[in-house]
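For clarity, chains are labelled A, B and C in written order, and residue numbers in each chain start from 1.
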Amino acid sequence: MLKFILKRMALMLIVILGVTVLTFLIMHFTPGDPAEMIALSRHGAESLTPENIERIRVEEGLNAPVYIQYLKWLQHLLHGDLGYSLINGEPVLSEILNRFPATFKLAVTSMIVALIIAIPLGIITASKQYSLFDNLSMMGAMIGVAMPSFWFALLLIHLFALCLGWFPVCGSGSFEYIVLPALTLGTGISAVLTRFIRSNMLDVLRQDYIRTARAKGLTEKLIIIKHALKNAFIPVITVIGIQFGRVLEGSVIVETIFAWPGIGKLLVDSIYSRDFAMIQGCVLFVAVIFVLVNLFVDVSYTYLDPRIRYEERR
Amino acid sequence: MKSAKKLICQRLKKNKIAIVGLAMITFLLFLAVFAPWIVPHDPIEPNLGKRFLSPCKEYPMGTDDLGRCVLSRVIYGTRVSLQVSMSVVGIIAVIGVTLGLISGYFGGKLDELIMRFVDTVLAFPGIILAMAVAGALGPGLFNVMLALALVSWTGFARVVRSSVMAVKEKEFVESARALGCSDLYIMTRHILPNVITPVIVLATLDMGFIILAASSLSFLGLGAQPPIPDWGSMLNNGRVYMRTAPFLTIFPGIAITTAVMAFNFLGDGLRDAMDPRPQRELKK
Amino acid sequence: MTLLSIRDLRTYFYTEDGVVRAVNGIDLNLEEGETLGIIGETGCGKTMLGLSILRLLSENTKVEGEVLYRGTDLIRLSKAEMRKIRGKEISMIFQNSLSSMNPVLTVGKQLAEPLEMHQHMKKQAAKQKVIEMLKAVKIPSPSDRAAEYPHEFSGGMRQRAMIAMGLACTPSLIIADEPTTGLDVTIQAQIIELIKEVLEHSGASMLLITHDLGVASELCNSIAVMYAGEIIEYAGIIELFKNPRHPYTRGFFGSLPNRGLKPMPGTCPSMINLPGGCKFHPRCPHASSRCEKEKPDMLKLGEKHYVRCFLYD
């Protein structure tokens, strides 16, 4: 078990290193002169003289070979230094950490919304396959998967904020503010999750051990609760991990639409203002979080499935 | 091989949803190709005298803030959307298939390297990486396509790799090798045809994904720039007027959903039809 | 006393490729305390027969005919009434013990279920009883093993646990589907011994499904030979071994390794496109033109010997 976790962690470190390389390269090959941008952000437009720019280039080591620049950047990174915003000069990391709680709150709430919708729906549709309810739900899920989240958000705003006035259009603060963003994200994910839970349940319900349970005279309800659910949900855990990535992706758009002050909005704002240091920081941060979540999922998966637990013990 | 293809076709014909998907795709292609002859009005030229008209006989989907016919723009949007998604899927299929072939065929260190690269790209939530790339390159449809291609080829690489590993050990490959055929020849003539089916399924499903992703980026203003009639940017433009002119957001959204659904229907159907299980249960 | 009486049982599956006729009009009687073997090649519908009796088939199947258990027709029982029969009156022991046990529940929990369900035992009492049950099927250190998962058991031990599970509520009839297939020869012998013992001890009847004549000869009083969803010969165990009549039965006996390897030519027909007339005629060395056109009836040859073949008409 421990060996497995260590192995996964080693692999994760390689991936994270790859992530830093990729992030660095993308920003490095961005069109535009970084020295010029730094000059502009630090000393204003009047500092844009060739001498000034050249001086910054040397100071910042921007004339060194790429790999030297990367190693230097990595060294800073390891000390928690993600650089400074090109717009307001604030440290990137502290800005991101400031925004993280909002994104976290939104992500968790959305995930809860998604699970509240998807778990019962997935179970009921699987146990009543081909019923009218099943067909309607699957149709709904098909639409849900295909619908762009920003459009769904706009529809929700139109209905619940503009027409009915139940919830605020955007912003953050009290509970009402999170309802529409979480509903937008949660519904989208629930469409994927419902389909997944349903097909998993159907798979499990076809297994021999379910037949054995029936042969013992158990009721369908007991069979689903005691025999099917746990088997069907072990793979669901993995998908929840993947869906967490969806939440992070979706949060960029949803936070922008609802003016939710999280990392997603920070990223989009930085893109608009071409704050490359901040973009780099956000992308790196999100990727690392995503990798960590997946590691957590893998480990909990091994813990939940006695078959794997057994093999690891040997 | 022949009979397997026949079986797949037969099953596909029986799959109503896949047929609906195929019909929808045909319709979308028709709109895209014949847009100039179908549209009732010019999709780009402003007509300031006719701003914000509600849907009516002349303008079935109303007009936007510059008085342009929304229907005409939605129809032209089909063209933009399909162009973008088909190009991206084409590019990522080529990249992914090539890397997957190499990885699966040669194995060893090269495989390890390519797979770690795949893991690294997969470590990012796709759209966020695409957004960063598109943001770094600056707005524009071409940059969006580049960004999406960069982040979404991994699926092909993985699928092709595992299919290649399965066929690699088959007799006909062994005998081709014994005959002294070059690796390149074996890969393109013997292995590629055998991995083509999963690639088609994935390409179909990816079409939907790319349409969705591209419209998201356009919605954020990173993709198509005005006055290009793109569904995502139409939504972005329309959301300001949501209170007074909701039709500006409703119709492009329906268009995106329909297009994505069309490809998902067909993709799901194809995947089911290629399921190797010989007999599937029918309802009573 | 007749315990189970099957009348013209038919089981159909509806699939994309057509209707699978897995059970094709079977008549059988099983007396109290009797062990009846159902033998036949793989794919001839034995398992489907067993599952049809307990109505354990999926939604896409149709079961017709009568299954009279102590006079009540199981096919016509409501779902709730059927559940009271399963595991309590009639239990089933399945072939592949690994896939037939839930991988994420301990063996103890799975064995306790019939007790909790039918005898309304409390958890603690059921736990005690499970340990006794495991002891009865000779599983060493039963209280430890009850807390283990199925994959931690060896194949033989798992099959013992399955048998214990089938016996939990002392049923009157046990349907055992290939209980020894896939086990080592020595383990097979042990399981056969165990089944003999528990049958003697409990007085239950058994429907033993197997493609292994050796197993059948060890355990059964009488044997029904099945081919393409039909019974084609039925006789007492000694009579059948001495006097096999149906060409298929003879071929089946001939293909036994210990009688010199002489495999039967041809394979079991597809259950979708069954041949007309006698279903065995494409493979039968004695087939005549009549066999292709007419379907033979079950003929009585002796007191307890029946055969479905025109040769004895």
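Just so we're on the same page, contacts are C-beta pairs under 8 Å (C-beta built on N, C-alpha and C of every residue); 3 or more make two chains touch, one makes a residue touch a chain.
Just so you know, these numbers come straight off a predicted model, no measurement behind them.
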For chain B and chain C, chains touching each: A
Pair of chains joined by more contacts [C-beta pairs], A-B or A-C: A-B
Intercentroid distance (Cα basis), chain C paired with chain A, Å: 52
Inter-centroid spacing, chain B versus chain A (mean Cα positions, whole Å): 22
Residues of chain C engaged with two or more neighbouring chains: 58-59
For chain A, residues that touch 2 or more chains besides their own: 129
Chain B residues counted as touching two or more neighbouring chains: 283
Contact footprint of chain A on chain B as seen in their complex: 116-117, 119-121, 123-129, 131-138, 208, 212, 215-216, 219-222, 232, 235, 239, 242-243, 246, 249-250, 252-253, 256-258, 260-261, 264-265, 283
Interfacial residue positions of chain A with respect to chain B in the complex: 11, 14-16, 18-19, 21-23, 26-27, 30-31, 129-130, 142-143, 145-151, 154-155, 157-158, 162, 245-246, 248-249, 252-253, 256-257, 267-268, 270-272, 274, 276, 279-280, 282-283, 286-287, 290-291
Chain C partner contacts - residues on chain A that touch it in the complex: 129, 206-209, 211-219, 222, 226-227, 230-231, 234, 305-307, 310
Interfacial residue positions of chain C with respect to chain A in the complex: 51, 54, 56, 58-59, 83-88, 91-92, 94, 96, 99-105, 110, 113-114, 117-118, 149, 151-152, 165
